[in-house]
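Got a structure for you, questions after.
Every chain is named by a letter (A, B, C and D) in the order it is written, and numbering of its residues begins at 1.
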């Protein structure tokens, strides 16, 4: 990676920081067979319909290679957040049917980077790795869920109507390749609760107002309340599989598409730094906005 | 409602349409008891922290009364979408533990507006209404899920990276009061599937390219593929309940807060038109953007 | 004028302030003769071409009545700027051939509001008023120039590339009805100078860095330098005149258009508060942006 | 220059086109003497005040080197405009006191690129070149004016209130380094005219509605009327001169600054392609916006 602008003598100049990552490992010919064919559940067809012309090599702009830029930008956002005592941490909490349901408070999040699947529970990590290996052997793929927590965010961050903090976090996550869903706090599961069980009672501890539970996920009315911000992101199984699949070509004729090129059976472990990066970018933006409203 | 601008002789002028809805039914004194007290899981505390000053009457700007404006704007977006053959339809598919799991294709969506809970299945509607009555009697509240489908959207709508169609739909939904989650297509449930089962095979029918299944939810790579766009939105139980709850006041002292004023035990039926409106606004925006890229 | 939102107990809540000014003095029938006719140098024709449909009453949205909203918004921006010790002052410095060329430092700007033409030089004001009367008597109109100065703006405000402070001020002024030009500092006249005469030498006075001259108009590289921000705005003669003019109707047929309705011979005095308002709004925006970049 | 993205097989893909121009001719050490010193009428001081840290080499981001990127982007905008029959042409119409006042219709604009100063009148070009040589010999600099015309723009382009076509053109021009003023149509000179002389009468020619004069500069009410769009841009004398000038350093101490490095006595000829590029970009943006409003 090369920094093109915005840094002088090791320090940001305040003007935009441009970075360039060249793909040094492209194998474009792996993709010649899809120049005229639409891979199922890829963006080949929709790009063709939208633009009438597409760079089919590696999926072009729809490739998750694009997320490398997000991680680079997120690294800078994280440096800024660190000076504010804020930290964004993500981990794999589900692969296929394997669900890590340990409460966050009982997890050792510093173990996340200790294994290949980026799950903070070593036993579950082993099971997930085994499952992914089995799936790969079958030439198939599998989805999962990433959980994330932002700590150290002060109360008052986020906008009240359209740009609610969780709405912007949600959009940021949903903009990541293969993402199918976003929930924060109690999420979809919380809808079965009664209000009397779901409400988070306020109390004061050492002069600081806190809530006893955190079904709100650290955000109330779109604005942070000082509690940890918790959210979960669903990722579908990777679309590229090895076995032949039914599809059509540009002429609308039935064709069989087989997977070629490098094949990733599960996007989850690689998506952890992307989720962290997008969370950091979103939060940094809102922190800067927040400065505008403060006297 | 009064139209202030943008319409002349019954026709839009092309310039902004301003509308004004005055709250003719405000009972501000119902809220005097919360001028200095923070209601649990409301936005009272976060507004206070953000702005240092808040209009406590009716929750001020954090009140869902604000969504009336969205429904008004959505009505205009729907008129535009209608001319393009596009329709956004939403319905209540879950209240508490009561889940309507009939496949969308088997639902009679025109029954949605036939009952008070806006559920297209009459039997389930009756059960939901009974549950909501029971919850209200207890002075409590309950959450649920709204499902939605957009039909008639052509392929090619949506942007490829940050403004993916589902990312903007997600943000729009998450900006609605009480929303806790958003998923589209196979969503959170789809993560347990293998790619071989989850991919949507392409085929041609009457010269039109379609997919045999629709786990993609009508969107691939952030761009519509011409299939129905399906999504689901989670809503938490309403925060205002009648029984006394633990909380604090602005001084940080422990207080008990009781519910007063009008009390809505379940936001779901009222949220259906809001979901439809936000979907219509988001889609109309993307359709207009799409025009820019077409020769 | 009615304040619809954003103010509670006499204080801004931090959320948007909506204001409504109803036109209590509309005489729509004055305009029935232009329903199908294009007035020369008005926006009738361009609106028709753009929208295919227009509200012809009073020029619709192209009417300078719209600027009342700018003045209302500017009044709030001015309140904010006042707390920062910043002041935006404008005055009429030219009407037709009558040019007030007194250096700003020698003007008594507090005399501006003492006469009908808003010129701070009483003698020149009288001459300008006489000229405007003469022009009105002829059923004709005349243009002029408004000069403006912003004082108290700290160094460092403005963005370095596209959103330069003077670029945003320029756009704001050019967006005012009848505006034909914008210049700041030495402007168009300064192009005849050599760099050795035009450069503003720096010096230090009471610990503060200043410039001996101010050809830069208080802005260098798009960013304020702490000196007064000086700019000038050109306004064309009002397009509505009483004598018959050659024009065409929607069918493209030659017609004669005569002025009817109320007739303003010179827009300059009324434009002074608009220029001040737009300057205040632009500067307030940049001040808020500036807060984001400060640690 | 290298195209990094957005082009495939010689054709735009519809996604962003990124271009990279590396400065292959940097002489950073030419600038070491200004690391702590503020050059008069440069952006050294304002950057220091804004960011507290600056890349002093070559003026950093405030350098007009930045405009190379605008010309590259403008080249693409011009390709698009060409397909619509639209052309943006600029030329030097004033250097110091030398003013080309030939009416545009009498100029041979295709001669502009035939001489070093980019003035379409060969005799005036020679005089301008002589003046610039004389100024350079003195180690001094001189300003001037660039005139521009956009032809082929259909009626209906531009927005009615804040984003008027001339307001956006003005902002684009004012964002160019050294720009001090912008006027369109009759500009500052037109303010001395009476409305009866200034209004542009409409007439029909070969079924097309035109105006007999063009004081409006092709724009009425912020929207193009189909006539040529004419505007003028003022550029100050370059700030870098050879003779010693009074200034201060970061400590506020008086210092003398001398010009070093390469020295450009007049920015005008080089600014012609920048003006054309910014005009093309602005117009392309508005044309794309216009598509959104058309059925």
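Note that a contact is a pair of C-beta atoms (placed from the backbone, for glycine too) under 8 Å apart; a residue touches a chain by one contact, two chains touch by 3 or more.
All values derive from a computational prediction rather than experimental measurement.
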Touching subunit B and also subunit C, the following chains: A, D
Taking each chain's C-alpha mean as its centre, the one farthest from subunit C: A
Pair exhibiting more inter-chain C-beta contacts, A-D or A-B: A-B
Distance from subunit C to subunit A - Cα centre to Cα centre, in angstrom: 47
Distance between chain centroids, defined by C-alpha means - subunit A, subunit D (Å): 42
Gap in Å, rounded to a whole number, between the CA centres of subunit B and subunit A: 23
Two or more partner chains touched - positions in subunit B: 14-15, 50-51, 61, 160, 293
Category of the chain touch graph - line, ring, star, complete, other: complete
Residue ranges of subunit D touching subunit A (in the complex, touch as defined): 4-5, 8, 11-15, 20, 50-51, 53-55, 60-61
List of subunit B residues in touch with subunit A within their complex: 38, 40-43, 45-47, 49-51, 61-62, 66, 94, 96-97, 135, 138, 140-145, 154-158, 160-164, 166-168, 170-172, 174-175, 177, 180-188, 190-196, 198-204, 207, 209, 211-212, 215-217, 219-226, 234-241, 243, 245-248, 252-254, 290, 293
Subunit A - residues contacting subunit C, complex: 14-15, 160, 288-289, 291-294
